[in-house]
Amino acid sequence: MTVDLTVNLGSLPLKNPVMTASGTFASGREFSDFVDLTRLGAIVTKGVSMTPWPGNASPRIAETASGMLNSIGLQNPGVEAFIEGDLAWLSTNASSTPVIVNVSGHSAADYARVIERLETQDSVAAYELNISCPNVDTGGMAFGTSSTAAAEVVRECRSATNRPLIIKLSPNVTDIVEIARTVEAEGADAVSLINTLLGMAIDANTRRPMLSRVVGGLSGPAIKPVALRMVWQVACALDIPIIGMGGIMTAEDAIEFLIAGATCVAVGTGNFIDPTTTMKVIDGIDEWCRSHGVEQVTDLVGSLEVSW
Amino acid sequence: MTVDLTVNLGSLPLKNPVMTASGTFASGREFSDFVDLTRLGAIVTKGVSMTPWPGNASPRIAETASGMLNSIGLQNPGVEAFIEGDLAWLSTNASSTPVIVNVSGHSAADYARVIERLETQDSVAAYELNISCPNVDTGGMAFGTSSTAAAEVVRECRSATNRPLIIKLSPNVTDIVEIARTVEAEGADAVSLINTLLGMAIDANTRRPMLSRVVGGLSGPAIKPVALRMVWQVACALDIPIIGMGGIMTAEDAIEFLIAGATCVAVGTGNFIDPTTTMKVIDGIDEWCRSHGVEQVTDLVGSLEVSW
Amino acid sequence: MTHTEHPFVEHVEVLSNVRVASGVGLLSLTAPRCAATIRPGQFVHLRIGTQTSNLLRRPFSVHRAYGQTIEILYQVLGAGTLQLAEKEPGDTSMDLVGPLGTGWRVPQNTSHALLVAGGLGAAPLGMLAEQLAEAGIATVVAQGAPTAERLVARVLFDRVARRTEVATDDGSAGERGFVTAVTARLLAAEKFDVVYTCGPEVMERAVIAQCQERGVACQVSLERLMACGIGACLSCVVTTKSGLKRACVDGPVFDAEEVLFDATEIPPKH
Amino acid sequence: MTHTEHPFVEHVEVLSNVRVASGVGLLSLTAPRCAATIRPGQFVHLRIGTQTSNLLRRPFSVHRAYGQTIEILYQVLGAGTLQLAEKEPGDTSMDLVGPLGTGWRVPQNTSHALLVAGGLGAAPLGMLAEQLAEAGIATVVAQGAPTAERLVARVLFDRVARRTEVATDDGSAGERGFVTAVTARLLAAEKFDVVYTCGPEVMERAVIAQCQERGVACQVSLERLMACGIGACLSCVVTTKSGLKRACVDGPVFDAEEVLFDATEIPPKH
């Protein structure tokens, strides 16, 4: 039995549902010693902004129970350097894998400007708007925690491109469905769920925060239950596809997200623990489908049986 | 060196800052084989409602990475049975430990009625209003995720008692500080942070949720970073004391909460892992203070140094 | 044989850990205090790892207890029992909370007992079989398993029971078929004062129905997911005629006629 | 000696694990591929446990490499190194990602080198000392530690270095005081082509200042918290004259004059 792993992320066909989570895979180059980049469903780049951003002061990470905090703060060399560097490298070295550029900005116009600059680049398949970064002072999560602000960003960006527009939502909200509905109404083609939970760690001995920015984003297995819940809630309410993420370490984790209603999944923190995680997840989904008699991976999507 | 472990939770003096988290310690009786109840700072009972509540269908718990989900749903025999059973037992067997009754309701009036019924009971030291239970359909978390609804519950209850009123807030909100400010303005004497995060777990093999209610509350070490962050945010903004909880397993965890700004701490899931956790946390705080030259535990409260 | 001894936390040392059937291990632990106080049908709540990733304790029946030793029969199913299977003699990293729960009760004037075990359901029946034998009560054991390789506690039951009858799904040991066919025959042929049963819930329900039909007293040990194990968390509820009961303190052994099996109670899926 | 070999994931087996100083262990691992390719100053990113509770890998310099073996000197500080200390010979549960990072560079025409090690800073200098000796470069080692019991790698340095000078805070070995007093004297008395230093960041900064004063080339190995270890996460940044660099790929060894030590870079607190 061969399993059909292909999925459609809106209008974007992918060879399998497994992508990389922004900021955890750079643009793939660093992983090319461990991973066959052409096997990935898609590569989601780290956050790209119009101008270079320096990120936050160190320490920028801390380990927590089954998770980690980060306050990297979207350090990136800006869109020009991105086009010349990572994007050029990707179109030479992994041209068969769709590249989704994760976009950051301090204002709605900022996001649109990055997209406008990238519109001329053939190797960009889609955009993911990060309106949920807890690690920048202006913008970032503020856009993802207010429907009005989220709508504004999506509107500006929607008018800047016909390419698929994916909105990455923040889990730090009272009502994820409300925000998801808003961005869908503004023309989003898909949503990514979830970005990191806002958290904090303290070193009791020094009475200092473990991160110089005090708070940071929690990721890893610890947050999987919250991520699964939000994917399920949004899948029940919306029609556009969902990219599910948050603590995916194994194929079984990924399958749980598909069952909850995600069309695609992304591996984030898992890349740090084992740089070959994405390959293991792809192989594992294939194997799991085979041993469970699932012929098409899309049959899993949203297949949760909730009646007891 | 002897360490002064006493703290004041508003007008309520406690012999130490260590309490039990509601719903994880029953009313203490079940733990009396393992714990000297008279050594606890306070006992917070499980949720008590006006009438008996049956709770949710089984399965009601699931294990997750460094955490657990529960959807118990506030099963309790109602306030009358509580008074005759647990409360009577406590006033005979642990009369020197303040009893804080955790109150549940389906409406603001419901909460107030439970309080009115308990006002005649001398052995009640304070009330904790659970406006953050993710496991009931009517009320529960709905009160804790809207400032208007939270205000209404606090207002009704405030007019029903002069005893200390503690409000237990939900972490499933965009802005915890806003809700905390609201309940402070309505006359709350303290806030408890945090109740469980709304989460979900799926059994990939059966394609079913692990909980019959589908979603449940995430607790344990996994949520500690979120809890610490919220305690710190609220401590920076409010004047009333905070009871910090979420993943406390050791004295060091507890000290982190004190440093973040909590006046008291509560042990929840930790009671299940080791029924003597509360005693170890009390002893450990004492020891830690001694070895760090801290003469009064209150010196730790809010002592986080955030400048790098 | 009801729950009277106060439970405690006891550190344990692994004495031995051997595979005794397909996917099943027998763990012998040095736990003197527990060994001295545990009663048939009671269980211990075992902390398997010290890491937080698998946070909760796991409940296991005590299969046998003698001297300073308790024995646990465990089936390798998930994260916890996988770790258990790797424990080596000398390991001192685990502790237990126990003895917990209300065990099997022997009604006055019992002279004939039937024990019905399905798969690992044999675990909590081991101590009981031994104590019934000591008390001079004639005991018959009916035991089922999918295959011969999955049968456990054969030696113990053969040693202490008057008779044992085995059924396997594939006929690789004893007769072919379900153990409930054996019990139907036994209940028709002999008079038992009490039936004790533990196994998959479908089997338990069938045995209970057979007993009720014939008016034979029946006790059943129920499995529920347990967080605290000591009655505080309400994760392990069982619906009974007298309301919701906690499997960890009011059970795991219940009088069968007390239990209201209904759709809201889904046993753990293995 | 720059980073050229492509890194890989390699399962390792514990060959031995012995205490070599107060709070310090020496772990010998069978890791043939890594042993064959690692260069002085590079590190491996070690997965210590398979549980998720301590999620991240931990970076460790390779102290020595020979045959199929790599040696790691580790200080017991927290959750990860506590688990490391419990590893027994034969353990096969760990894997490494490596070889990682850019190691020490030996400038053309180097004939005299000074190695300055503070505490566990001796770890990444072991392989270097051996290779300098093999290359016939005269090497002096200045080594500091709080007390004699905290000194590591004494035998190695004594074997391969032309001379070693030791300072301890309490005078329990070598001279009393900081190693920076030793280096000040050495730099005044002798001409070195290059100074290599690793240790607590305050010590490193002092050594760098001494080198800059005398115009001696200096390389420094910097410690940063690392999540990925391969350049992707940007958790390990170091501010340099040419912008933010990643300690895991552009370092951990940097030319001292390149590094801009400033208040935004707080080294891990031990």
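Just so it is clear, A, B, C and D label the chains in written order, and each chain counts residues from 1 on its own.
As a working rule, contacts are C-beta pairs under 8 Å (C-beta built on N, C-alpha and C of every residue); 3 or more make two chains touch, one makes a residue touch a chain.
All values derive from a computational prediction rather than experimental measurement.
Engineer: Sort the other chains by how far their Cα centres are from that of subunit A and give me the top one.
Structural biologist: Using the mean of the C-alpha atoms as each chain's centre, the farthest one from subunit A is C.
Engineer: Distance between subunit A and subunit C based on Cα centroids, please, to the nearest Å.
Structural biologist: The computed centroid separation for subunit A versus subunit C comes out at 47 Å.
Engineer: How big is the gap, in whole Å, between where the Cα atoms of subunit B centre and where those of subunit C centre?
Structural biologist: It comes to 36 Å between the two C-alpha centres.
Engineer: Using mean CA coordinates as chain centres, what's the gap between subunit C and subunit D in Å?
Structural biologist: Those two chain centres are 55 Å apart.
Engineer: If a residue has to touch 2 or more other chains to count, which residues of subunit C qualify?
Structural biologist: In subunit C, residues 52-54, 264, 266 touch at least two other chains, as defined above.
Engineer: Which residues belonging to subunit A are in contact with no fewer than two other chains?
Structural biologist: Within subunit A, the residues that touch at least two other chains are 57, 65-67, 206, 212, 220-221, 308.
Engineer: Based on the touch definition given at the start, go ahead and assign the chain network to line, ring, star, complete or other.
Structural biologist: Topology of the interface graph: complete, with all chain pairs in contact.
Engineer: Please output the residues of subunit D touching subunit A within their complex, sorted ascending.
Structural biologist: Counting only subunit D, the residues touching subunit A are 6-9, 47, 52-57, 79, 97, 224-225, 227-235, 237, 244, 249, 264-266, 268-269.
Engineer: Tell me, which parts of subunit D touch subunit B in their complex?
Structural biologist: 52-53, 263-264, 266
Engineer: Subunit C touches which residues of subunit B in the complex?
Structural biologist: For subunit B paired with subunit C, touching residues are 23-26, 30-31, 33-34, 54-55, 57-63, 65-68, 70, 72, 75, 203, 206, 212, 220-221, 249, 269, 271-276.
Engineer: Please give the residue numbers of subunit C that touch subunit D in the complex, ascending.
Structural biologist: The contact residues of subunit C facing subunit D are 49, 51-54.
Engineer: So in the complex, which bits of subunit B are touching subunit D?
Structural biologist: Residues 65-66, 221, 308 of subunit B touch subunit D in their complex.
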